[in-house]
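Below is one structure. I have some questions about it.
The first chain written gets the first letter, and so on, giving A, B and C; residue counts start at 1 in each chain.
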Amino acid sequence: MNLSGLKMIRQNQYGLDKVISLFFWLVPLIVTSLFIWILGDIIRGGIGQLNWAFLTTAPLDTGRQGGIAPILVSTLLILGVCLAVSLPIGIGTAILLAEFTPNHNWFGRLVRRSLDVLAGVPSIVFGLFGNAFFAKTLGLGFSILSGGLTLACMVLPILIRATETGLSAVPQEYRLSSASLGISRTSTLWHLLLPAATPGLLVGLVLGIGRAIAETAALIFTSGYVDRMPTSLLDSGRSLSIHIFDLSMNVTGGDANAYGSALVLILILLLINAIASYLSGKYSKTLKV
Amino acid sequence: MWKPKTLSLFPLRNWFKYRKDFLLVWLLRGLSAIAGIVILLILGFLLREALPVLEEVGITAFFRDDSWNPGEKSYNLVPMIWGTGLTMMGAVLLATPLGIVSALFCHYYAPMPIASLYRRLIELLAGIPSVVYGFWGLVVLVPLINRLHPPGTSLLAGIAVLTLMILPTITLVADASFAKVPPEYLMGAAAMGLSSWGTIWQIVIPSAKSGLFTGVILETGRAIGETMAVLMVCGNVVQTPDSIFDPVRTLTANIALEMAYALDNHRSALFVSGLLLLGVIIVLAIAAELVDREAS
Amino acid sequence: MTKSIHNNLDRHKIAEIQPLMQIHQLSLFYNQKPAFKDVTLSIPQNSITAIVGASGCGKSSFLICLNRLSDLIPGCTVSGHIQLGTLNILSPKANTTALRRRIGTIFQKPNPFPMSIKKNITFPLKEHGVKDSQQRHNIVEQVLKDVGLWSEVKDRLQDNALTLSGGQKQRLCIARTLALQPEILLMDEPCSALDPISSGIVEDLILRLRQKYNYTIIIVTHNLAQAKRIADYTALFWVDKGCGRLIEFAPAEQFFNAPNNELTKAYVNGIKG
């Protein structure tokens, strides 16, 4: 009697378990279908627009007609400024935190804390700050430079965290044996640690680029809306994401080109992603041997 | 056998050679000081721009004024705070279970290849720009909701889009914290004859608790800070919504909409709302830190 | 007299210092917890000193103090005094880069860099200012011959060093250290990862280095027979109340045959029996 009771419970349990498993497959299925829905919709709407002329001509009639050439150029310039500033600062900070800072050093702790907060700051707040500091106080105005610098502040925590993770994955033995040969820490870093941390660096770079290219809110009041071809870094330049926003919200009849631009943006992001996984795969292979 | 030679093999090195570590450390300290100071700069400039209106009307005006109408010197942010709060809450309540289930699926239900494929998909989902989510919401979701209950641009649309956007955050964090659950626990559970659901509910979730909390805090921060997507699908009417189909305006959308033409006190008031957002984020960061400390 | 070891102690002078290294009241702490305490001993010139003792008594920790590798370990602090000629090794002013070139270390676990076999040796040489590539190549050939690796790897010098076998890796690490012509070698169980033949090669090498070129060698080993074969002096470390202590330091002859300390006697005999 006792035994059969146990059996009953078990069967019940297994029945419940089956139902729950079903549910556990259902949720990913829904998420996946939503993903396919979004992506499919963008591709379906955008594929008709996507051709060489779209990429190489200027927008006409506030974007309803024509292409996105100046917008691509502005996006690249903003990204260039962002990386030129954030890479040295980010990698330098990561190296200091990972290699030259004892665990309980006050300076390192302070920098880490402030980066943690920085990572959570909403992009619109970066936009406000960029507008007040770069555009107004430093007098850069609505310009590619203002936008790029604002984005640089934004991607710093991402770059730093990824680089730090990459460096801390390098075995401690390398550092010890290098030091035991009297090799300076600078050379150890340059010849051993950074090469070994390259996959981490690449991941950081890609995440940073991804975040920067996708960003809209931080750019509206820093790099501005102007859709002409920029002639200098002090010109205002419209990024691809702002273009999509503007076409879909402020321009009636701009949906077709908005679809096209969204598809281009997504393709760029996918491409960056693919390059990154290819590179980090390649690097980790040469490292492990 | 090789004969050790005299010192001449190793020339005396100059000052720079021996001091380059020292120089490098100071260079790196300089760079990190810049990185560390950014957040202070942000706080400082937000305060500087917000002070004029704060000095003129005080903090209470932002909660007690009749309406949001900066042209007429009334600065009530409460409807926007409701907008932000409600979209955030709806999205967090939906995304948290979905994300945790997704992460559990990757760890305990899916075969390896499917799990890694699904992780990859979630990462891609995380990389989709918010303006694309907003655009999709605007052209696909809003018309659908409109058929259900006009006008379509609504709190519901905001919650739906926001849920999708923060789902990857909680999924990836939960995934990472499940990966840290010691395998011995699972073996022990299997030895006791627990069902897989029993194992998850009684062993896995409790031991990953602090990681899950951190994930919820992170996604909350993202939901509060999101601008473009909610701006595009929420309708942006300044009102406290009565139903889920009413349009709302969030704090972030308010800034994005009005910054372009705001002057003087109006501009300053927008910086006050930026400061409010930053304050919430700092509180969340402290909460995350506390959860982390509790765990260790 | 200048401060740096590099400037004022050339190898002829180092060869005359007697005793070579004077260690006084040396203690090492990991996060305030002592690994070993109050070790006082003098390492004689041109000798092989073996350090023996149970696992966890601080032998490796002792070695890493001697060339300040302890600086690299987070939370590790050292107190006491180590004198090498006129140089106070623990002084913050001591030039650790130069110091570590002249006091080489071989670790228990072989750890070549993820570079080619040749570059593993030439990279430190370049770092220490050997600019002539022909000269570097000659040194590579010499040291690889010394450790008996040359015939095995001479056709694959450009291969990644991580493709070598464990024993080959260890011998490469020894070669890499020898290339820098250190005067003092610290070896932390160098043979524990080696097969008996490579182990024999290394033992021979140790003896040759001492005899012909006045190397001073400090070697940690768990192998009492090995200590007996090669050591001139032997030190016994032991854990007492959770903290390592130096129990006895004596000429090897005396250490193995007529130890002063009961513990040493038990240890030596215990292993024998």
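What we mean here is this: contacts are C-beta pairs under 8 Å (C-beta built on N, C-alpha and C of every residue); 3 or more make two chains touch, one makes a residue touch a chain.
Keep in mind that this is a model prediction, so the values were computed, not measured.
Each chain's centre was taken as the mean of its CA atoms, and the one lying most distant from chain C is B. Of all chains shown, A has the CA centroid lying nearest to the centroid of every protein CA atom. Note on chain placement: the centre of chain A and the centre of chain C lie 48 Å apart, centres being C-alpha means. We define each chain's centre as the mean of its Cα atoms; on that basis chain B and chain C are separated by 52 Å. Rounded to a whole number, the gap between the C-alpha centres of chain A and chain B is 14 angstrom. Multi-chain contact residues, meaning those touching two or more other chains, occur in chain A at positions 184. Residues of chain B in contact with two or more other chains: 17-18. Residues of chain C in contact with at least two other chains: 97-98, 101, 128, 180. Across the complex, chain A is touched by residues 17-18, 20-21, 24-25, 27-29, 31-42, 45-46, 48-49, 98, 101-102, 104-105, 109-110, 118, 121-122, 124-125, 127-136, 138-140, 164, 167, 195-198, 218, 221, 224-228, 231-232, 252, 255-256, 259-260, 270-271, 274, 277-278, 281-282, 284-285, 288-289 of chain B.
Residues of chain A touching chain B in their complex: 13-14, 16-17, 20-21, 23-25, 27-28, 31-32, 34-35, 37-38, 41-42, 45, 88-90, 92-93, 95-97, 100, 107, 110-111, 113-118, 120-129, 131-133, 137, 153, 156, 160, 184-186, 189, 210, 213-217, 220-221, 241-242, 244-245, 248-249, 255, 258, 262, 265-266, 269-270, 273. The touching residues of chain C, counted against chain A in their complex, run 67, 69, 71-72, 74-75, 96-102, 104-105, 107, 109, 111, 113-114, 123-124, 127-128, 160, 162-163, 173, 176-177, 180. By the touch criterion stated above, chain A contacts chain C in their complex at residues 102-103, 171, 173-184, 187, 191-192, 195-196, 287-289.
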